[in-house]
Amino acid sequence: MKKHLARLYTFLIFFFLYAPILVLIIFSFNSSKSTAAWSGFSLRWYSELFRDKSIMKALYYTLLCAVLSSGIATVFGTITAYGIHHMRRRPQKILLTINNIPLLNPDIVTGISLMALFSALAVLRFKLGFTTMLIAHIAFNVPYVILSVLPKLSQMPDDTINAAMDLGATPFYAFRKVVLPEIKPGIITGAIMAFTMSIDDFVISYFTAGVGVTNLSIQIYTMARRGIKPSINALSTLMFVAVLILLLLVNKYSDEKEQLMS
Amino acid sequence: MSNRLIEGIHLVKEYDGSRVVDNIDFWVKSKEFLTILGPSGCGKTTTLRMIGGFETPTSGDILLSGKSIVSLPPYERPINTVFQRYALFPHMSIYDNIAFGLHIKKMPKSEIDKRVSKMLSLVNLEGFEKRRVNSLSGGQQQRIAIARALVNEPQILLLDEPLGALDLKLRKEMQLELKYMQQDLGITFIYVTHDQEEALTMSDKIIIMNKGKIQQVGSPTDIYNEPENAFVADFIGESNIVSGIFKEDKVVEFAGTIFPCIDTGFARDEAIDVVVRPEDIEITADVRAQLHGVVDSTVFKGVHYEMIVIENEREWLIQSTIPHEEGKQVGLYIAPDLIHIMKKEA
Amino acid sequence: MKKYSAFPYVIWTFLFILLPLLLIGYYSLTVKNSQTGELVFSLANYVNLFNPLYLKVFLNSVYLAGIATVICLILGYPMAMIISKMKHSQTVLLLFILPMWMNFLLRTYAWMAILGKNGFINQLLSLFHVQMELLYNNNAVLLGMVYNFLPFMVLPIYTVLVKMDKSLIEAAYDLGCTPWRTFRKVIFPLSLPGVISGVTMVFMPAVSTFVISDLLGGGQSVLIGNLVQEQFMKVNNWSFGSAISVILMLLILMFMTLLHRIDRKYEGGTK
């Protein structure tokens, strides 16, 4: 009885979570523009998607920003984490507290504060646009990378780096050959987190991108009240399927690795 | 001077104002097995890390063959270390771990292969090249750590409590093996431990440290038989330590009794510490008995019995192969040459 | 290399984390002189906040975010518990958070399609000749919050539950606790750190959102986030917008301190 109750509950919650997504996916194959009335199967929106310049441009900016910001944030965050790990306790605590601000602050505050900064810097010919959006994304991504790399550094015995240097490795060689492979899982987690945060971000981009540049989220927001073109549904379905495949692959890969290890 | 391979001069290390190593001087001859022995927090590991280059001395100098090395980073010192927790690189195979130092020296692959397999056979782990670090037992990891350091043919090998994580039986085996390796390869070992038995078994020379200061330097027999102060006596094996008064040469008073001894050179009526080893007290019923007491407890310890005899509210720890039952009145006798007299610690 | 590699980030945090917040603080304490356009020191922005109109918005935000948090906790705790006991809990958990990879705005938009006038539900209801106004009210906003932030509640609670030492629960049973009592006296107190981080992770985005209220609430449900957005993007009164943001930050800071206290108190109580 208890077990059935648990199953029913799980089913209801999952239904709640997936219902809107199913609606989106199903109606991306609808032949009419409606997202409520089914008027027949069609791939119309998929073909229109690739011809829609504004959506393609938004997709381009979204991906470019995600790739660049997560890449830069990963390198920057990893190097910083290494430095923070070796700091004295007091300055370390201070820096980590500041590092936590973007995580604890509401997105909207981060967004408007960066917008205020960029406008104040307008005298330096700093105009809102792709660059400011990119900087904003890096700013909220680095803390995540730092926080996912730091635990890996503390898990590493202190003497590991010493052992490498003891055997003749210069500090840089030791970092490359010993530290980096050890903290790789943390770096990968950080990079994936940064990438997904960047792709999904709306609020911070909205305030920092300026007029000329839109990413997918901004595009959807501006279209939402006028009614969204089902092409966006089609795009989201494609992206969702891509993520699904990626996750399955990662899962399979890590399962196989686990089996090899044991 | 010439036979001093490495030498520490007035070494001091301070952390946030507290002195961990307090002005110590020492030297080690080539091919010597030196042990730095002391309780935790005595500064022994810090001393070792200064030799290895992982800590910079606050003041003082370290000479290698007469040349200062304090300003050299660890990777430029011809010294290798076996770390407390082995510090093997978990993402590398055993082969890559051992070959790490040789790769840096840009040695040709065939030469590296040869040396790695030679080292593995030295530590009795032939054919382990492709194994992963995590698949090895603690004892095996220990051997790999030793091989990884020795393969570089260092002038000095530093070992920081390398056997601490092993169980007793394995530890005993490894002590002998390490000693054998050291003699066989003719490499100078500097070994840090808090285990006095380990130090006595393996070393040519022992430095005993406490609270950052050197307490005594000497061969294992010197240190065991002639501890220079109560700390050393207490630290090296269990001891009975009582205060006494030096009456005159070869006469000492403690426990309210006058004893003949063989020590000289203290002032008349100087307050001193007397050290008597538990195995040096004889339980006797005859007229030789100098002290009288009651057996408080008798415990069988395998090789001998350990007894506590209460005499005038003083406890005497005694080891003997002959047990005496609890509650029995006994006499105690200590031969003159087994009474060790030491200066009172300030 | 070790010593200096955090240095660039120190400069970065100053430029892109501290300086922007200082600017907001500065703007909040100034007003624009209408003739010269200069910024002059003034507390007018904060005084302005006491206008009942704005107070109502603040109360509404806290109220809605609070209710959403409670609903997430009530729905999420059993869910986390059920998943943590499953055989393939990792995979199920992955499926649980999978919807979050769909664009946040689009997921919210999907609810517009479901709840709207010509939406899915109303189409069904029209078969019975009923029409309901489901969109553009507080309930729709609440639904959007719960839908979007429920995973943030389940995830930390699940993590704590999965790591919990099972022998503690067995010990409680062994000592004669009923399952319910075991839950109250052992499992729940031990899972409190997860509950607290879940509550934080739901309440914070909920109280500061403007997208959900914008899309699902229409003009009917105005939250703090909407006020800030309006001041910055429409009214162009950055000083007032900054003051609201400062209050929003203080509100969240207070909330976090409160939660921290509860956490500490409980820790002290169980020792």
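The letters A, B and C name the chains in turn, as written, and every chain counts its residues from 1.
Convention: contacts are C-beta pairs under 8 Å (C-beta built on N, C-alpha and C of every residue); 3 or more make two chains touch, one makes a residue touch a chain.
Computed from a prediction, not measured in an experiment: that's the story for all the values here.
Undergrad: Taking touch as defined above, what minimum step count separates chain B and chain C?
TA: Graph distance in the chain contact network comes out at 2.
Undergrad: Looking only at C-beta pairs that count as contacts, which pair of chains has more of them, A-C or A-B?
TA: Of A-C and A-B, more C-beta pairs in contact link A-C.
Undergrad: Just by CA atoms, which chain is the most central one?
TA: A
Undergrad: Where the centres are mean C-alpha positions, what is the separation of chain B from chain C, in Å?
TA: 60
Undergrad: Distance-wise, how many Å sit between the C-alpha centres of chain A and chain C, to the nearest whole number?
TA: 19
Undergrad: Using CA atom averages as chain centres, what separation in Å is found between chain A and chain B?
TA: 55
Undergrad: Scan chain B for residues touching two or more other chains and write them down.
TA: none
Undergrad: Touching at least two other chains at once: which residues of chain A meet that condition?
TA: If we look for residues of chain A contacting two or more partner chains, we find 171.
Undergrad: Hunt down the residues of chain C that sit against at least two other chains at once, touch-wise.
TA: none
Undergrad: In the complex, go through chain A and note every residue touching chain C.
TA: 6, 9-10, 13-14, 16-21, 23-24, 27, 34-37, 76, 79-80, 82-84, 86-87, 95, 98-99, 101-102, 104-110, 112-117, 120, 135-136, 139, 142, 146, 171-172, 175, 196, 200, 202-203, 207, 216-217, 220-221, 224-225, 228, 232-233, 236, 239-240, 243-244, 247, 251
Undergrad: For the complex, give me every residue of chain C touching chain A.
TA: 1-10, 12-13, 15-21, 23-24, 27, 75, 78-79, 82-83, 91, 94-96, 98-107, 109-114, 116, 118-120, 122-123, 147, 150-151, 204-205, 207-211, 215, 225, 228-229, 232-233, 238, 241-242, 245, 248-249, 252, 256
Undergrad: Mind listing the chain A positions that touch chain B in their complex?
TA: 157, 159-160, 162-171, 173, 177-178, 181-182
Undergrad: Quick one: which bits of chain B touch chain A in the complex? Just the residue numbers, please.
TA: Chain B residues touching chain A: 52-54, 73-75, 79-81, 83-85, 87-92, 100-101, 104-105, 148-149, 152.
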